[in-house]
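Below are two complexes that have chain A in common, paired first with chain B and then with chain C.
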Partner chain A sequence: MAWTRKILRVNLTQGTCTPEALNMAWARDYLGQRGLASKYLAEEIDPRVDALSPDNKMIMTTGPLTGTAASTSSRYSIVTKSPLTGAIACSNSGGFFGAELKNAGWDMIIFEGRAPAPVYLFLHNDRAELLSAEAIWGRSVWETDHWIHQRHQDPQIRVAAIGAGAEKGVLFAAVVNDLHRAAGRSGVGTVMGSKNLKAVAIRGELGVGNIRDPEGFMKAVVDAKAVLAGNAVTSAGLPTYGTQVLMNVINEMGAMPTRNWREIQFEGASAISGEAMHEPRASDCKPNLVRNAACFGCTIACGRISTIDPSHFTLRGEGRDRYKVASGGLEYEAAWALGSDTGVSDIDALTYANFICNEHGLDPISFGATVAAAMELYTMGVLTQAHTGGIALDFGNAEALCTLAELTGRGEGFGLEIGLGSKRLCARYGHPELSMTVKGQEFPAYDARAIKGMGLTYATSNRGACHLRSYTVASEVLGIPVKTDPLATEGKAELVKAFQDATAVVDSTGLCVFTTFAWTLADIQPQVAAACEGDWSMEKLAEVGERIWNLERQFNLDAGLTAADDTLPPRLLKEPANTGPAKGHVNELDQMLPEYYRIRGWTEDGRLKPDLRERLGV
Partner chain B sequence: MRVTVKLYATLGAWLPPGAVRNVAPFELPDGSSVAEAIERLGVPPGQVHLVLVNGQFVAPEARAGRRLAADDALALWPPVAGG
Partner chain C sequence: MLRSLHIDPQKCTGCLQCEMACSYENEKVFNPAKSRIKVFNFHDEGRFVPYTCTQCAEAWCLHACPVEAITKNKLTGAMEVADSVCVGCKVCTIACPFGTVNYNETTGKVIKCDLCGGDPACAKACPTAAITYVDANFTGLERMRAWAAKTSAGARA
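Now for the complex of A and B:
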């Protein structure tokens, strides 16, 4: 059955840890992870609650295939109401923490209330304890990870933790597990901080059993791994260059948001690209990239392990030894947000800022994008050094970027203003139109004037601007599964809906969405069907994906969001792209959104029609 | 005529002399097609997945018919993806 059928409910207010049975009726409708935890959240909280109040809940959840022999079975998610967007949040992470949770015998942990004093959860198989975190409150993720391992004297414990920024209300704080994997988006770390929960430490030794048809499952897993091994993207492109191979692709086609989206191509792109990470540097003749890395069970291994140039300014001075290591390096999104969006083309400064985001638990996308917005305000003279504490926030200033990463990570000085996120920062200084966000969440690395489907993706994403809710870049740029014209709006409503529903399924299995560069749902379905009891046909999975999407949408509507929130900043709708193949283009969202509502079965104002609600049981 | 070629990721192994950061000038007979340019570069056509000329996509079936002009930028990738 793949599910352990066990949930741990942790009431932080009362200090209790209580096992309970998984609701299998909901599992049959929502599968697991993103879908199932969203169902629990929608059933258990009022969508209008203050996201940082004890009434919000935070769910750490695995999927039925997490921790199994399936490729990429590392994934877990954190589902909660987001303080950044006010919408439902689901942030997905890899590494080894999720598989450890499953190996400890649990499908999910539901955290509720707020601890009277800082605590961490220590979970060793069936034994769950809330222990004092007073000694590490205010410390970084890296210090917390070290402290917990030292205290429990077990190197195989897996830790997910928050940094000081999360404790101090930085609204895009991440939960970082295994030192450099992150449930990064939507401020899930901020929610954790509001609950006085510093970390979750897990040791699981029970194995993952309960596979409905073990022989059939192993055959399905072997078949699916052969597809990954035979596909050039998942067997060669991603392991060699990581996601960062996109830097030159997206820049060449003129879809690279630059300097807070004022421009659409970055002159420094090649210097911060995946190819540049392979180039030996002058100081020690070593490249930035040390090696690739795999999460639990992964046969793709797209992760980057990097070092900073030993002669770089970020490594000079006292207290720098912890950065003279090989650690989680630049992914495309981080390299874009920290680099192109701020105009910084110093790859070592970006690697350092990325280390800081991991060390202190920040979403590098929202952090970099908010710095970019601040840089535009500074360029306009709206922000001055009197506001920034003497930091010259010019576009391209690598030292300013690194200093702000430190300040935001620690929740100090002007870093606390950056920690508001782009929407609130721009509004505070009288220029809300400069915030490149949807529903309060900062954009990722694809300009919607040059990739039209991504405009609809961003506008309708249930967690605010995001590329991982419907990655139409695969089709519009890379030709996966079929090539579509990035500058056309026709057909994009259907494309976006198809990607949204399929991704909701993948995110509910425990597998990684990067498999879908090679797999379709037809490769995933046999694995789910062999592992899980019940009907898991292709038709059923398609229905589950649609149900999850509509459940999230209904949560957001009940939280007070409306169709007016399904929009894009005026810069994308009114300021044409200035160079490249998309020169002269804006995003014609108005040509796609009504069609999208129609094929979703929603009313003209974006609400679920009664017959849709009845069909899906939402 | 002289064009600019940009060979990225593993195709960087076929960059002509004088390349800086995956970009190099390249001499071609006037009126050469994309397919002819790929052949002259020596890149195995089966390894070329994504082709952009001046940033615009050229479909595989159009490579033989798409003529290059002087100063065009021809960019090639093997199968790649990210996110």
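Now for the complex of A and C:
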């Protein structure tokens, strides 16, 4: 079993909290978390709804292995329609909140409607209450977390919350749980804000049981942990350097997008790398990195806990105490977006900007990438200080980056324009071609001119540009599970489909996709099969992954997206890489996309063929 | 050889595998709320510290119990609670200076670490050896070894 078989339906308009049984027929087809919540969303909303209207729904969902002893069992997802992309959104987060939801006895919470005044949900096992959040509306995630713990006098409550930016419509607002873990992408926090829902606070004491074969499950769990412990990436690289282990690797291979993707290698990469986070600084002889930290149940522990250099400009002045302590440090994506993409190589400025993204609930990828686009517009003279409120938006300006993080986080001044995201900002100033986005979502940290499969990954991702939908970097750069040539397009359609389907399964279990540096589905399958009743063979899981991908695709088509949205910005298709091993290369998406559609069983215009629809039951 | 749980907080990543192992061993459910070992997160300092009963030689809990429900297991050295005798009066939870004996609302008894009868699940589940089960007379051995290594390296330099 492993599912609690219970979902909580919260109607914010009416102020009701109603338990109902999990649809087990759907669970057998979609497993849990990403897959199962996407099925609920597709069944319950019209894909054409305005994402910020009360007609949209927001689902917080765990997987069957969330909260169990399986390694990395922390994961939960937020599934909704995205205001940034207009596509289906599924943002995944770790920390401790997801396991707490499961421990309280729930597989998922479906939020619908819009509260007439700001509220937060307090969930203590079976008891669910909507309480007034008037006192914390407009406050930060960190203040909200503190206020809830004080009010309920219980340090063991886990909180997920939004900041002021989300309330004011910043389109890439995140939901942040446990102070610095985030359901980061696609503006899921903006949807939460539109529902007048400030936070979800949970205390779960019921535990996670219902394991179909406890003995078999514990054996599978121990075996799978041994695989993680025996793999160099998951036992050494990630705990030591976090995802930042990639910074120097990706820069050296010339796949590090720099200054809004005008360049492909960053001269400041080593200064903001995982290695740099270990270097003692002059002021206090301490390194940026305090230690690594794990999410619930994780035996990898890639999380970064960092401090800012006490002599840094961001700590000067009044009211800075909350930034003088240890908090969530730089992951590779944040370091890239806040750093390389904006040309800022000041690691303390990046750490500060990252703290601000956590404190106020911003997606650091979309935020950094939008600042980078604004910097290019400023360099061209299209944006001026008259627009920015006097901020000199030159590439490399660390002060400007930090100021914009504060303004965007609070939803003030020019921060509200940054909060539009890169696509809308660039369109507003007459240069849509400078927006480095797909379907309106900003790119992550891998240049598709140097890693060809990532071009197809971005173009076809169901939530807009994203590295976590099919991380072909694993194969094209790291040789996992097999090495492919990053500069070749042959075979990439097949590779992307395989990664997309497998990742959809991982995202539906409650486990973390970072395990797949070491695990394949063959390591995950025995854990799922021992925990969950029903047929969970390798063949079944492969089918479930394909079904989830096609369900998401169908949602997007029904929402009005078309094959024309499966594309890349002209910069990647026409402007060749200017340095490094990929010099002279563009991304030949046109060589991969038709093949991809064919392998998917889609028509030439990217629609599901009837026989595919019938086979998968989508 | 008498063994005891030994905790090295510097190695702890805060993953709570120990809490799940403990609750699963004792309650057959993954439930940190029912764990006899707890990991504390000193967030602002970036420190995680697992904490549980150290099995005092002269145990306050044992001496305080009015019904003699707490007895010492001579093989493991653990102070064990006999559920059939415990009346849930909670005097032991007051007597324990460290807070490691706690009341369990569901059963109406107190719960504390009993070293799983000599094979503690938390130590087995810990992925970083922050919790180990070692010779009770030499819990400092690994720390001595680490310093000894530095000492000899210094002599060579």
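A few points about this structure:
One rule holds in what follows: the second predicted complex is superposed on the first by the 618 of 618 C-alpha atoms of A that agree within 3 Å, B and C clash if a C-alpha of one lies under 4 Å from a C-alpha of the other, contacts with A are read in each partner's own complex, and residues count from 1 in each chain.
Everything that follows uses one rule, which is that contacts are C-beta pairs under 8 Å (C-beta built on N, C-alpha and C of every residue); 3 or more make two chains touch, one makes a residue touch a chain.
Everything numeric here is computed off the predicted structure, so don't read it as measured data.
Within the superposed three-chain model, A:Ser270 lies in touch with chain B and out of touch with chain C [touch as defined at top].
Once the two complexes are laid over each other on the shared chain, residue contacts for A:Ala326 go to chain C alone; chain B is not touched. Legend: residue contacts after superposition of the two complexes on their common chain; A:Leu131 is shown touching neither chain B nor chain C.
In the superposition on chain A, contact is made by A:Gly67 with chain C only, not with chain B. By the document's definition of touching, neither partner reaches A:Leu315: not chain B, not chain C. When the two structures are aligned on the shared chain, A:Tyr471 is found in touch with chain B, with no touch to chain C. Touch criterion met: A:Glu205 reaches chain C, while chain B stays clear of it. With both structures placed on the common chain, the touch criterion links A:Gly242 to chain B but leaves chain C unconnected.
Within chain A, not a single residue is touched by chain B in the first complex and by chain C in the second.
The part of chain A that touches chain C in the complex is made up of residues 67-69, 71, 96, 103, 156, 179, 204-209, 214, 218, 225, 229, 239, 290-299, 301, 303, 305, 307, 325-327.
Within the complex formed with chain B, the chain A residues making contact are 231-233, 236-238, 240-246, 248-249, 252-254, 270-271, 274-276, 332-333, 467-468, 471, 473-474, 478-480, 483, 485-486, 513-514, 517, 580-581. Chain B contributes residues 6, 8-10, 12, 21-23, 49-50, 52, 54-57, 59, 73, 75, 77-83 to its touches with chain A in the complex. For chain C in complex with chain A, the touching residues are 13-17, 20-21, 23-24, 27-34, 43-48, 125, 127-128.
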